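These are the structures, in structure tokens.
The same subunit A turns up in both complexes below, where it pairs with subunit B and then with subunit C.
The block that comes next holds the complex of A and B.
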């Protein structure tokens, strides 16, 4: 009975997030326009200047657009995670977060539901992006469109958990601009989303190390391999561990007896 | 009579600023208690503690005998809340908002639909269930929020200044509905307000000022205690220590 209860709560929260996302057409469009501009404008411009060697999972020389596509998928999930986090800070300030928090279930479970709902929204966006990319001749083997799915779940959960953690740390909505500057942009640019690691190493060893240990890079590599029907074990373990750490910290942050809730009042 | 809410020796502070000092009171089923206090008296903080948004390090809060910290699930199942700010999702319809609440309380779709119909009909809002919340006026939004808070049949209803910003007819209608709920459905109601005209003759009062309970009891008891002719003067005396 209790399992049925938990299941209904999870479905209810996921359903609400999907409904909200579909009703907010501007959010849906902007979530797609951002990576598409990178693909159609940035990648097309850099195609001629960036030469890429053959690196796994690719078995031949590839165009820069092909290389950048998994990074843009990661970008969709990174921005979606932060968008969810932003909406949680907004909901907390506006009060609607309280409706979720007074639900008679453990808070960790409610946060996990919220995370699953956000991940479902991000996967929906990614598949729409993949369809557009297909027509732009960025195609992977057919099996890749299935094997990418579990990778997207894990990467979405990890990046969503990071967003949750951020929302537990941020006191006011105004501080969110700082998150953009100090979290999203460094995470995206210091990663393998735009350039392969060996290329980064050529220019800076420090940047190479930062990119190598950046959880976002690992998530992008997990997606990249999965899209070509391959399993990148180290990226999987790294992403999983990052998810567990971020999620544990977020649950601690939302605990009313500990974390940030306690710092606000005691 | 059954005790719906019991608050014992609660203290709470924001950093060095004390918000609540040694708060203790109980509310029984079918009792409508109005929590009177000026802005900053500590009403919202008290509500945050009862809803477990914050935890107090000392003292206990129990709902229908269940400690809010030790048995939070059993306690929160018996609680319905209407917060000061509207907490409806304005992009969704009335029905979608209420279905979300049904899901949060683990009810089946069939059972939930039945409860939604009952509660919306009680507030004359059933015909408007497919409208987007954005299209409703302030009074109707509040009605939907009160209906939502009752869907899971709570034993205790918390209302944090639900009539702020509403016109006189909307306020009157909500005040009447809530008083009917307390007497007709045996729900315990704790209603935070600073509007004296929302008090009914049979209500209990709890006067909060600068985080302390200044008076607790029936209207007659408080008038007697303060030696005043009306609640407005009594409240003024209790919160300023001076004659009105």
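The block that comes next holds the complex of A and C.
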């Protein structure tokens, strides 16, 4: 019986997120336009680059746009994670969170439901992106479109958990711009999404280390390998550990008697 | 039951045998040839062959490899199974590219420094004739109907048409600057010529010896000076031609019926020579400065793998 409650809550939250996503056509389009602009405009500028050196999982020379496609998938999930955290802050300000919070189920479960809902939305976005990329001649082996799925779940959960953690720290909607500057941009640019690690190492060892230990890099590498039907164990472990840490911190942050909520007086 | 198992086993065996294939690559700087399994995409081994090996061909029965070791001024014959040298051919000075007659009895060798084409009788290991051609002969090919040998002079910018019966130049066709490689269509009706400096591909009608099409090879975003077409091949069915684009690091896929360039495939650096697999399902490229070969799947027109082979891969052939 209790399981049924849990299930109903989970469905409710996921449905709300999906509905919200699909109903807001602008959000759906903008979520797609962002990576596509990177792909069609930014990457096109480097298209003529005479091939990138061969690094795993690639077995031959690739065009720049082939290289950054997994990074853009990561970008979709990163922005989506932040977007759901933004909606948490919004919910809190508008009062709809209170309705959620009176639900007689543990708070950690509600947070996990929220996280799963956000991840589902991000995976939906990624697959639409993959279809468009396919027609742009950025294609992986067929099996890769299946093997990328579990990788997307883990990376989506990790980046979503990071978003939840952020939302537990942010007091007001206005502060969200700071998240853009201090979290999203550094995470995205200091990663393997846009340039391979060896290329970063050529210019700066510090940047190389930052990029290497950036959990976003690890998520991107996990996606990159999975898309080509390969399993990157170290990236998997790193992403999993990062997820557990972010999620625990977020649950702690949302605990009214301990975390940031108390400081905020809510 | 036993019989079924046996036949299944036999079938499996034939499938594996049919799938086995070997690629031989000359390594100009390593004085060696690399032996590659193209199905697994693995370098099997390299063996020393002589000074500066460049041109490479395989006999029609796939038993003998002919390798021009330029700095030894000879063409070596190597057993393709044991990889042991079994003889040498008198090639004249500095042999680089050469062509094998369809009947398998003669080699036609370009001697770049002496402005000659040397005709060798393989069985007798003797020079039949040395034919004076234009300055710096390079590309050379024999028509599949065995009527013509064509030699391209890099500096004279000419295609010389040599009658295989008389071994005399019958006609010359002027082409764009620095013609490098020549290839006949399977029906011997067309000759395709790449011009390295001009960055063009010229298609000549064999019966009239007149140019029927000139294609300027351009890649959006790649500067003109990097487009240096060299190797050219046409598939047996006459559907597609492939051109190695030198420093543009790409292979051009050209519709051989409409002469439209359909696609450019990214391969390693300074791609020079290209060769089909025996079943023409794959194309292999030698990438001179990135020291590897690229394997292209021709059903999807996709580069599947690049395999490191050694320094300055130059020529490439394969055998089933």
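Following the convention adopted for this analysis, the second predicted complex is superposed on the first by the 262 of 266 C-alpha atoms of A that agree within 3 Å, B and C clash if a C-alpha of one lies under 4 Å from a C-alpha of the other, contacts with A are read in each partner's own complex, and residues count from 1 in each chain.
By definition in this document, contacts are C-beta pairs under 8 Å (C-beta built on N, C-alpha and C of every residue); 3 or more make two chains touch, one makes a residue touch a chain.
None of these values were measured; they are calculated from a predicted model.
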{"item": "Simultaneous placement of subunit C and subunit B on subunit A, clash or fit", "value": "fit"}
{"item": "Which superposed partner A:11 touches (first subunit B, second subunit C, both, neither)", "value": "first"}
{"item": "Touched partner set for A:63, first subunit B, second subunit C, both or neither", "value": "second"}
{"item": "Touching partner for A:54 - first (subunit B), second (subunit C), both, neither", "value": "second"}
{"item": "Angle at the Cα centre of subunit A, taken between the Cα centres of subunit B and subunit C once the superposition is applied, in steps of 10 degrees", "value": "160"}
{"item": "Subunit B versus subunit C as contact partner of A:101, first or second or both or neither", "value": "first"}
{"item": "Partner chain(s) touched by A:142 [first = subunit B, second = subunit C, both, neither]", "value": "neither"}
{"item": "Which partner, subunit B or subunit C, touches more subunit A residues", "value": "B"}
{"item": "Which of subunit B and subunit C A:20 touches, first, second, both or neither", "value": "first"}
{"item": "Closest Cα approach, subunit C to subunit B, once both complexes are overlaid on chain A (Å)", "value": "46"}
{"item": "Footprint overlap on subunit A, comparing subunit B with subunit C", "value": "none"}
{"item": "List of subunit B residues in touch with subunit A within their complex", "value": "12-14, 19, 45, 48, 51-55, 57, 69, 72-77, 79, 81, 83-89, 91-92, 96, 99-108"}
{"item": "Subunit A - residues contacting subunit B, complex", "value": "4-6, 8-9, 11-13, 15-16, 19-20, 23-24, 94-96, 98-106, 256-257, 261-262, 264-266"}
{"item": "Parts of subunit A lying in touch with subunit C, wherever the complex brings them together", "value": "47-48, 50-51, 54, 59-63"}
{"item": "Residues on subunit C engaged by subunit A in the complex (per definition of touch)", "value": "41, 219-222, 226, 248-249, 266-269, 294-295, 303-306"}
